[in-house]
Amino acid sequence: MTERNIRVQPIERGAVEDETVEIVERKGVGHPDSICDGVAEHVSEALAQAYLDRVGKVLHYNTDETQLVAGTAAPAFGGGEVVEPVYLLVVGRATKHYVDEAGDEHHIPVDAIALEAARDYLRETLPALDLETDVVVDVRLGEGSGDLQEVFGEDEQHVPEANDTSFGVGHAPLTETEELVLETERHLNGPYHDDNPAIGQDVKVMGKREGDHIDLTVAVALVDRHVPDLDAYEAEVEGVRETVASLAADYTDRDVTVHVNTADDYEEGSVYLTVTGTSAEQGDDGSVGRGNRANGLITPNRSMSMEATSGKNPVNHIGKIYNLLSTQIAESVVADVEGIRDLRVRLLSQIGRPIDQPHVADVHVVTDDDVTVDDIEADVREIVDAELADVTSITQRVIDGELGTF
Amino acid sequence: MTERNIRVQPIERGAVEDETVEIVERKGVGHPDSICDGVAEHVSEALAQAYLDRVGKVLHYNTDETQLVAGTAAPAFGGGEVVEPVYLLVVGRATKHYVDEAGDEHHIPVDAIALEAARDYLRETLPALDLETDVVVDVRLGEGSGDLQEVFGEDEQHVPEANDTSFGVGHAPLTETEELVLETERHLNGPYHDDNPAIGQDVKVMGKREGDHIDLTVAVALVDRHVPDLDAYEAEVEGVRETVASLAADYTDRDVTVHVNTADDYEEGSVYLTVTGTSAEQGDDGSVGRGNRANGLITPNRSMSMEATSGKNPVNHIGKIYNLLSTQIAESVVADVEGIRDLRVRLLSQIGRPIDQPHVADVHVVTDDDVTVDDIEADVREIVDAELADVTSITQRVIDGELGTF
Amino acid sequence: MTERNIRVQPIERGAVEDETVEIVERKGVGHPDSICDGVAEHVSEALAQAYLDRVGKVLHYNTDETQLVAGTAAPAFGGGEVVEPVYLLVVGRATKHYVDEAGDEHHIPVDAIALEAARDYLRETLPALDLETDVVVDVRLGEGSGDLQEVFGEDEQHVPEANDTSFGVGHAPLTETEELVLETERHLNGPYHDDNPAIGQDVKVMGKREGDHIDLTVAVALVDRHVPDLDAYEAEVEGVRETVASLAADYTDRDVTVHVNTADDYEEGSVYLTVTGTSAEQGDDGSVGRGNRANGLITPNRSMSMEATSGKNPVNHIGKIYNLLSTQIAESVVADVEGIRDLRVRLLSQIGRPIDQPHVADVHVVTDDDVTVDDIEADVREIVDAELADVTSITQRVIDGELGTF
Amino acid sequence: MTERNIRVQPIERGAVEDETVEIVERKGVGHPDSICDGVAEHVSEALAQAYLDRVGKVLHYNTDETQLVAGTAAPAFGGGEVVEPVYLLVVGRATKHYVDEAGDEHHIPVDAIALEAARDYLRETLPALDLETDVVVDVRLGEGSGDLQEVFGEDEQHVPEANDTSFGVGHAPLTETEELVLETERHLNGPYHDDNPAIGQDVKVMGKREGDHIDLTVAVALVDRHVPDLDAYEAEVEGVRETVASLAADYTDRDVTVHVNTADDYEEGSVYLTVTGTSAEQGDDGSVGRGNRANGLITPNRSMSMEATSGKNPVNHIGKIYNLLSTQIAESVVADVEGIRDLRVRLLSQIGRPIDQPHVADVHVVTDDDVTVDDIEADVREIVDAELADVTSITQRVIDGELGTF
């Protein structure tokens, strides 16, 4: 039915859900590494869209190297101030000059586009950050390899070739601990923040499960202007603890202990108070690809790719595409096929080969006790095949900002 | 009547108004050098005010080294775009940490203050510059010499001591050519711009008088979004020529020829069109102290100080204070004493001496034919003495932004 | 016999050596990411040593954020040139001011130390890079959190407390594929380079094993001044292929195919020629922690930590210490205990707890068929316990540059 | 005999030598402003030479905007250290890409050339500055205006056209005070330094003459490694005082008082000690064109051009050429024509006109009492004419580094 090299096999291990010790981490959107991921990806989206608007296809670029140099700040109950601004350097390559088939020259203002996209992203993501005083955004985009400048996205029908020998990996379903870590950060940075403006965006969640006990350690940067005094601070911390504990009950029957801002020392007056809602204001540097993997989590119990997904060109950068696609495949399979307890999808590219034809698409499953791999293999294979055939839709969804990369 | 060392003497030359060849130049507020002057001075004002607000006196700082690295732009009739943003680096020293007499520690966010002041200034001064896409503002402020950190502005009664052996010079009255050059730029960047938004702020005026003929050469950066086509461009240029010619008649009876954007070549399509109203967008770098002297002009026929006035601390930076004060003295004397055709005031400091006691205040005058220096000496001396006694008011007026420095 | 929380258990999976598909990668010392790792670690060593020399203990610092912005180059057979220098920004925090117990003030020149260390490292590591023309090294080190400035390394007897809740993981023994990937890069950058100066340091090795077939894909940047023409280039590539094939036979009996510089296109004249021996000269940016893990490899078949090991303070930065220590423990156990086919050590810290007392030391083993976990548990436990007791020796060995971090 | 517009007239003032008060200043080669001037000019020479070597003519460039951001240092008797390196940013424009008449493409590595030239200059000029630890040299060269990229130096016969309406001014002979200020710095930074390595290059000399009394105020940065203690420091200062006093006797019969390092306070231990021989190491920023004029002096008693001479393209940048040429003309005239007490040459360009045809060459003289302007006019005119005819030799001498610009 297909020529794609798809393998479906039992996994060599048990389900992660069944391991004795499980460790899961998520760096929230306001963590310095995540800020870099987000800026890099937003800049990438803006560049891709600009190329489409101006020349009808996405030219060569890669912006996966944003570096954040932390500032210094003097937070204070009721409102402090940033003393030395954060310095954010957007690094990468992008095609600045292009001659189209009609011979018309195009000068694409990639630096200006990147600058605006980075500032827009910061403004939207970090409401307590004042862009006029708290951050310097700088841009250093080179011109990139001449050879590569015109190979991308010739037309929509065309499936690009892989630009590298690389590797993507995705998993499904999330374990309870993973889901809990992910949803805790999303809830705090979402609905809970809406009602509690003191919640900063630098929410870091560490989940550790030993057997059936889960410790959720949450570090939340509080925004000083919304916290008048230490009593208010304690109340905010307690509020977070309660809401997370309550949330946990929705995701697991296991025993969950929630720890919030455990490094605080109230007697010493040492608390996690910030002006801007992120530790980037004081001593915590950040860069792209150092934090969450493409599924939003750091999961040392699972295979992970070291590839930085954020900021890369989504047309033919195979590391990015295969990390996103393998995650999507895993989710699709688990959604549609009954009886899967744990599933890992690995996609391995070969340089120069069309990206819908991976060197191998390697699917490993742990089935429920009453199901065998043979029972489900055909269904799995069909979904994998269909998703691979539709690989270019990943590109469009990335450009549209529909797919998270961190 | 006073112990100040004030000398009033005939000048060694004739009045500049009577010289055969006179050359005068003004770089308008949007010229890259003037942008740097303005940013530096605005940052200085903001820092001085912040120190006064926070610790009651102006601590050591010096911000007279802003550097502008030009961008690249693609102007186009009807509206083009900046391709590579301008990079503006605010350089200097400022006291960041201060322990007051009560032992309270103060951390003054000088970098954040400088960043905001620089951006505010650009926003107000260059309406066509989009701060989100067209410019990167960066700040590198060091801590300055430890020795100097607490010597400034102890209280208002106190007259500071000179921090250097330096020199200031002022002249009055302006010659017709000087007045014409100054007012041409102010008119174009003021009332005329209000009615003609196509006028960019980068207006450069060169006046050359040979005998009784004045050539006024005006270069005006036009803002592309307000100029739909070449015909409109020509109309704008002609409008400038006419308004300047008309203005000239108010200031001189001499014969004036006005040249506008003489480097244009309409046939080649090479015209002075910009996106932002300043040549900083394309290839013209700038820095502090390279353009206009403290009276707003470059006047090679007159004594000039090389000191950069903009950005310096106005409390005890003697080069700044004496350039501003000598100009003010010259203007006061000419306003109050009849019979003066040309007057030069030089103030020479001695390091460590109170600034109201210059090493020498050297006043040279060219009198009208029917007046002698003896006739006016006492009046001149009295005014000089009073202005010196009131030297600290210069500081306050600088902090309040009332005194131009370029 | 010990109070440490050490668990020894069967692993939940088979040995990696037995998996069907295995993927292993190593970025050589001249890869842009590795350059950043190496600079960051060398700067770290220099700072730690400087603190020891000056104040007798290691003060707070963290330099794990070096960012490399690629240059542009014009390589040519026989010798080309770098056109636009590489820009290398060393980012981090370090204590600059310290008052010792005797009340003596110390100003530690951390920026100057970092600058020199970075330049020294580049000079030693990349012999074809001309530091006068090919690279700009810049430094931005902040002062770091005040709270943390004096907590480190009080005296040698003292075991520091963990600064974070973090995680380290180590494995032993290496699989054949892992060993082959590692040794290929080391051989090319070591003895082979000594005889073949055309070999640049940017050697990237990707190993893929499917069953008993191994594909080794090697990309080697050649140094143009040692390659007079295309024939010489081809000869160099063939030389690499032969030496790697020969080396492979020493490490495995499996079937190995060696691919060298597969993206070359001789007809198009497109080959992997460089001026400096690294792709950083042309379009490839780099940053810390994006490449090899602490054992020198990227191994998606194994648990990996996302923690950047290079550049971190080795006194109490638990992510760094536990990644290095777990690797060392794994190697020690495998060296001393018979019958282990695959072993994984995970160390999980708890913030505030002495680092020789991990929250859990989690040892998973795959034993040989004729050995059970019970047979070896006591021996393993004893080694783990001894290594943990000696944790501070890791710190010293890192400072002395004896432990690789990437 | 010639068509050049040359005017020779009596000056409107007396000789500067006869004025009552005269002020003269020179910032030595190690002053932060002079460092920038020197780097900018050395970079300019290197670029011009590279263009000649590679494409046979000097392409468009302008590098007159180097900015120095001061470091911090901890000097100490016997040898201290730089704590935070100086940051030197070379700014400008230069043509990076050129297609010659044969259609061959040239990529000129202007950034690498500028980097090397800047570092070479620092190494040669500031022997106590360690380039591995004490300074970061960065480069930001833009591509410059497209229109201007190919207009320069087409062939040697051709006289370029002025690129601007600008102005140059030169004077001769130097007054005694001027000569004394100039030679004091040259002696201290030359023969005296050779025997006294403690003398740093940041030597600033201020001369003030009132009537027949000259005060020479000399500030000399001493290099700490050559100054073991305060006694040695005092001996060095006294040595400078004596050698300058002795030198003065060679240049003037007037009464000269020499002041050296007057801001020192031995009791407070506050002395002018440096690690590197320049105040750039601690708090003193610098930039191009803020210090000495083209003749090496700041002379408020004389007409000065505000134009920054250093770093500009010497082929058609008229401000640079006319400042250098007017000085050379003045010196030639005074050398060859008897009876001139003071002479000023002003050259005014007109944009688009060949540079050997200034709009006006305006020569003003003060003659000896027994000579009239008429007596010498023909001789003067002849020399001016010949020098103008030979204007392009200025360009070559600048490229060869034979003409000082600051």
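Just so it is clear, A, B, C and D label the chains in written order, and each chain counts residues from 1 on its own.
One rule holds in what follows: contacts are C-beta pairs under 8 Å (C-beta built on N, C-alpha and C of every residue); 3 or more make two chains touch, one makes a residue touch a chain.
None of the values given here were measured: they were computed from a predicted structure.
Shared contact partners of chain B and chain C, listed by label: A, D. Averaging C-alpha coordinates per chain places the centre of chain A 55 Å away from that of chain D.
Averaged C-alpha coordinates give centres for chain B and chain D that are 24 Å from one another. The centroid of the Cα atoms in chain A and the matching centroid in chain B are 50 Å apart.
Shown for chain A are the residues that touch two or more other chains, namely 84, 87. Taken pair by pair, the chains that touch are A-B, A-C, B-D, C-D.
On chain A, the positions that touch chain C within their shared complex are 7, 9, 11-14, 18-21, 23, 62, 64-65, 67, 69-72, 84, 87, 89, 91-93, 140, 142-145, 147, 165, 167, 169, 206, 208, 210, 217, 262-263, 270, 282-283, 285-291, 293, 298, 300-301, 303-306, 308, 346, 348, 351-352, 360, 362.
Residues 74, 81-85, 87, 96, 107-109, 111-113, 115-116, 119-120, 132-134, 136-139 of chain D are the ones that touch chain C when the two sit in their complex.
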